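You will see chain A twice below: alongside chain B first, and alongside chain C after that.
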Partner chain A sequence: MEKMMQKLSDNILDKLSMDFLRNQVLKNAYGNDDTFIAKLDPRVLLVWYLFFALVPWFVDRLPFLLGAFLLVAVTTVMARVAGLVLLLFVVGVFSQTGYLFVVSLLFGGNAETIVPLLILTLKVATVSLASVTVFSGLDPDRLSNGLMWFGCPERLSFSISYAYRMLPMLMEEFQNVLLSYRLRGNAPDSSGFTGKVRYLIYQIRVIIHAFYPLMLNTAKRSRTTVEALEIKGYRNAAVSPEVKKLKLASLKVGYDDMLFVAVSFLWMALTILATTIL
Partner chain B sequence: METMKRPAATQSQKLMIFVLTMALYGMATLFTELIPSFQVGVVEFSVEYFLFIPLVLSMLFDPISAALGAATGELVFSEIMLGQFGGLGELEKFITVTIGVYLAGRMVKDPKNHKMVGIAALTGTGVQLFLGMLVDIFKVQFAVQDFEAVPGLPESVFATEGFAFANDLLFSGILFCMLPTLYLVPKLYGKIEPLLGMEPRSEKTALGAINGKVILACLGAFAVAVAAEMLAESGMSLIDWEADWAGSGTALAAGMVVAAAAAVIVLVIMKKRAEAGKQN
Partner chain C sequence: MNVIEIRDLTYTYPGASRPTLDHLNLNVEKGDFLAIIGNNGCGKSTLCKTMNGLIPHFIAGEFQGSVLVDQQDTKTMDVGRIAGKVGYVYQDFENQIVRPTVLDDASYACMNYAMQDYLERGREALRQCGLEGREQEYIWQLSGGQTHLLALAGAVSLEPDVLILDEPIAQLDPKHADLIYGVLKNLNETWGKTIIVIEHHTEYIADYCHHVALLKDGHTEWVLPSDEALRRVEELQECNIFPPQVTIAAHQMKKEGMLAEDTVLPTTIEAGKKVFDRLLYRGEICTEWEAPGEKQKETESVVSFRKVSVSYRAVKGEAKQIFRNLNLEIKKGEKIALIGSNGAGKSTLMKLMTGLIKPSEGEILLKGKGIRDTKPEALSKMISLVYQNPEEMFIKDSIERDIAFAMEARNTENWQERTKALLEQFRLTELKDRDGRLLSGGQMRRASLAIGIALNPEILLLDEPTANLDIATRKEIMRTLNEMKDITETVLIATHDMQLVCEWAERIIVLCQGEVIADGSRNEIFGNRRVLELTGIRPPEIFDMGKVLNPGAFCYTIQEFRQQFGCGCL
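So, the complex of A and B:
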């Protein structure tokens, strides 16, 4: 039994290593651009998202919410989202409302409290799954183009593209700095409870210290980035309508997009029908 | 060398500060989002706040660029990249982070003054957490109909939110915001500014103390965050009213189903034809 517990905790620690986190993030960002969702037009998906991000907040009928939830659950599966992201979603949604339920029991709540909380959970879950579908299923470049088409500030779409390109580099650099700090320092003994606490404090201190060289390096890099952008006339291009037109010329609405919208609409119409009958 | 003498940042330097804060804070929030928090009883130990990064940068550089960069970084890296974008709620987080970081940055006139740096770091965190708590309470009130009627719910929301605020401020605020800021600001002061071609901040080049205009602007921004939630409430009655006016709901829904089914069938046929046309 003890051996099994040991194995289990080793397994969990393995899973939570820096490399694992990095792989999951990269997989989420770059790994699935061949799915049906990723090939859809970003503008159509954004409008679709807007519906599922706003409407559930306004509706309190259980059949409608359940139907919307099922639909976004199916699209999430279609988008092949990384496992870690889904796990975080589940933990996030249920710890939030579950915790609230337990505390409301303390203040004299009863089983009746669970119905409004269930509705709240469904609303939160639908909205977050819709966003998981759109924002993790879609290629970042296409997403930023779609946002730009709707007139979002150029700086936001620039930030998204920049983030996706720079993230692997930044993470690697952070890891390298962290490892070099560890190499030089002598980690305290982590046996026993006080040892564990001391080890945790040591870890946090190393992370904070690592930000000192990291900040200097990133400052240098961001200067290079901005200077490179200036050479290409970025600040002028960001406001020029001609550049925008050229950039957005690749967007096209096809049959798949219309089909996606039509099927979603059909499903929602069916749930509305069910709501009115029930 | 001319740029070294200019007191305020130029446009491209502002963009540099924006990119720097966005990249660093974004990556840090990405990690905190991925590392699950663990709870001991009701006390939650989470490494929620890497807020010291934008705090340090806003004290050393132009505060508004650093504040906007931090908020955008969090939005892009940890919400959009991980696909956890939550719609309305994100606007509120964006605004509260911007206000907190900006105020802290404006408070510090001379980064060499340790006491002021500490006070500013704690104030910035406190403002951000407090505004976040207010919005959280509003959110539950609007999402759950008949909020007052559900037994035990109002008290429990106030209790959990208030407790979370105090816990975050004492635990994350001091441990993860004040102490790292106190360590990093003096160490980076005078070293990081030349990398962006700027003069270090001093009494002369500071933007001036927080005045009524700044506070007014912050309150206005917070009102926008709350207004987004209010809009949800009024939107609810609007939709109900429309549904009443439409009369027979079932007939309308059945019509919608027929129309949608027809659209799906037409589209499938059109797609098949288009593909067949391509092959020929």
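So, the complex of A and C:
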């Protein structure tokens, strides 16, 4: 038993390592660029998303919500979303409403208390999964192009794709700075409960301390990047409508997009039909 | 025709008290392949930034005189127009890449300047830079050399007449360095580009560049054809520039009267063959010379790898295996160099020893004890790792506090005195209140070494201690490493720097794709053709020179060359 706990906590600690996080971020952004979802036109997906992000809030009928949930669940699977994001989703939904559901069951709640909670949970879950599909299934560049088409400022869309470019680098840097602290610092003994608490506090303190060198190192690196952007005409592009047109020329609505919209539409029509019959 | 003309240029950075460039004149002819050399801080990078218009358009400061690019004054052009004429590749080129995929980055500038055929131009640039077929790859899939080529392609895509590269090969292994220079040569010869490089590696200047410009105190000392420039041995050494080893060797022998007074100093191995041809080889007769690796050693094993396997998570697809069933013994007191191309697993091997990475199979013993269940903190008293990138070792706001940090945390006895002693030993006392990040390359390196040995570890691991340094600073670090030999018992250095390997190491371990393919003294490694071909490592130039003259010769330093060939003429 002792050994198993040890193994389990090792396993969890391993999952929490910076290396793992970095890998998940990259996987999430670019690891699934060959899926059906990733190949769709970002504009179509954004409109699709708008529907599933808004409509569930205004509908209270169970069949409709269940149908919508099933659909976005399928698209999430199709988008091959990274494990960490899904875990965050589950934790998020549970902390929002799921725990109420469990608590009400424990305190002798019946179907009457459960149904409203179920509806709320379904709403939150549907909206979250739709977001996960769109923002995680699309690679950041296509997403930012889509946003730009809808009139979002160029700077926002550049920031999105640049953040994804920088994030892995930042995390690697952060990981190394943390390792410096670990190797040279003196962690308190972590045996026993108080030891564990003290160890945790130590870890948190190290993470906070590590931000100072991280920021300075990043600032040093970004000097070159800023100059390079200037040479590469980034400032020119931000104000030129011609460049915008050039960028958006790559967006095309194809056969797959029609299919995707048609299937989604058909499915939702069926659920609405079911809702009216039931 | 001059493609760049600089007339009486004086430039002072904002806030600086002295001008960085001082009444500088320079003409660059169209189609030239020019190397700019000079001391650290003599204004090489600043000069290049005036040529691409970043100075004065982006970086302010006091600017007098004129810079003409293609007969036009840069002051009257905007940065975009100049970028179409002069391309620039930074020394820290990876920060110059702003897009996630290869083709995207190569065509990014063209798109920003609203060129309709931007993708086509990007593809063409990639083709010219030898990256054809990698268009859709993500930038983190590229090796260091390929990343550099991509940065170059980003500049080439705008079809400039002039390309400027700031120390293109400082971070690369010799194979990649050759690749870069091959591409530059092709751009110069086939596509008629004018190439300007800031370069410390004089061997490459001798092989590739047509002209050399020496900068000194912010002005141009002279511009000469490469051969002629590199023969000015004493003048160059005064400026902390080291001519090719063959040139230095011939220069010294000429002074000692072993070569005729009228000998023209060779700058390449090819030329050296003619000059040294008449020398007699007496390698075997020399008894005073003995390889350091053959000394008797203690046999106690401090680190052992037992059937170790390690794999990394990959962004896509299966985990990547770094080591499979690795076995390795490191004995007490050994001075080991770990070599192999980029990505062979050198850094991973070091991280395994410090406990930062756990093997998926097998075990690692430190002084006979398994380290699987030991925290890295507990190991750090015994083993210490100095990163390749010194910035990541600076976690406090002054190097004094950085050096003291580990000792303070452990309440080491007399840590104040020891910090003082370390500062003194590494010549950092005057800099002790400065933030490590703001020091020069050599100072940063010294500070990181001081941090590494603060806890007096029995085993010291150094990851590329001489990477990214100019040759003068490299010599300084090499001296420091030699001084440290007596302080730390067992030292392991991962490096591409073969001069360091030859002058310092007693045992050499060659890694190739996660396997130890050779392990032994320098004669065993560099005498083995198969190993050299398999890994692309290259011995110092003087070693090759010796081999050309006599296949049985093993000379790793200029001194050894002179001893083995210097006794007289036929």
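What to note about this one:
Just so it is clear, the second predicted complex is superposed on the first by the 260 of 278 C-alpha atoms of A that agree within 3 Å, B and C clash if a C-alpha of one lies under 4 Å from a C-alpha of the other, contacts with A are read in each partner's own complex, and residues count from 1 in each chain.
We adopt the following convention: contacts are C-beta pairs under 8 Å (C-beta built on N, C-alpha and C of every residue); 3 or more make two chains touch, one makes a residue touch a chain.
Bear in mind that the values here come from a model prediction, so they are computed numbers and not experimental data.
Legend: residue contacts after superposition of the two complexes on their common chain; A:118 is shown touching neither chain B nor chain C.
Once the two complexes are laid over each other on the shared chain, residue contacts for A:251 go to neither chain B nor chain C.
When the two complexes are overlaid on their common chain A, residue A:100 makes contact with chain B while staying clear of chain C. In the superposition on chain A, contact is made by A:141 with chain C only, not with chain B. After overlaying the two complexes on the shared chain, residue contacts for A:156 are found with chain B alone; chain C is out of touch. More residues of chain A are in touch with B than with the other of chain B and chain C. Touch criterion not met for A:73: it reaches neither chain B nor chain C. With both structures placed on the common chain, the touch criterion links A:273 to chain B but leaves chain C unconnected. In the overlay built on the shared chain, the residue A:180 is in contact with chain C alone; chain B does not reach it. When both complexes are overlaid on chain A, the residue A:19 reaches chain C alone and has no touch with chain B.
In the superposition on chain A, the residues of chain A contacting both chain B and chain C are 29, 140, 162, 164, 212, 216, 220-222, 225, 227, 229-230. The part of chain A that touches chain C in the complex is made up of residues 19-20, 23, 26-27, 29-31, 139-141, 161-162, 164-165, 168, 173, 176-177, 179-187, 209-210, 212-213, 216-217, 220-222, 224-225, 227-234, 236-237, 240, 242-243, 246-247.
Residues 16, 21, 24-25, 28-29, 53-54, 57-60, 81, 84-85, 88-89, 91-92, 99-100, 103-110, 112-113, 116-117, 119-120, 123, 127-128, 131-137, 140, 143, 155-156, 159-160, 162-164, 166-167, 170-171, 174, 204, 208, 211-212, 214-216, 218-223, 225-227, 229-230, 235, 255-256, 258-259, 262-263, 265-266, 269-270, 272-273, 275-277 of chain A are the ones that touch chain B when the two sit in their complex.
Contacts from chain C toward chain A in the complex involve residues 52, 54, 58, 79-80, 83, 88, 90, 92, 95-100, 104, 108-109, 111-114, 116, 118, 138-140, 154, 313-316, 354, 356, 375-377, 380, 384-385, 387, 389, 391-395, 397, 405-406, 409-410, 435, 437, 451, 454-455. Residue ranges on chain B touching chain A, taken from their complex, read 11-12, 15-20, 22-24, 26-27, 30-31, 33-36, 47, 52-53, 56-57, 72-73, 76-77, 79-88, 140, 143-146, 150-153, 155-157, 159-160, 175, 179-180, 183-184, 187-188, 191-192, 195-197, 232, 235-236, 239, 249-250, 253-254, 256-257, 259-261, 263-264, 267-268, 270-271, 274.
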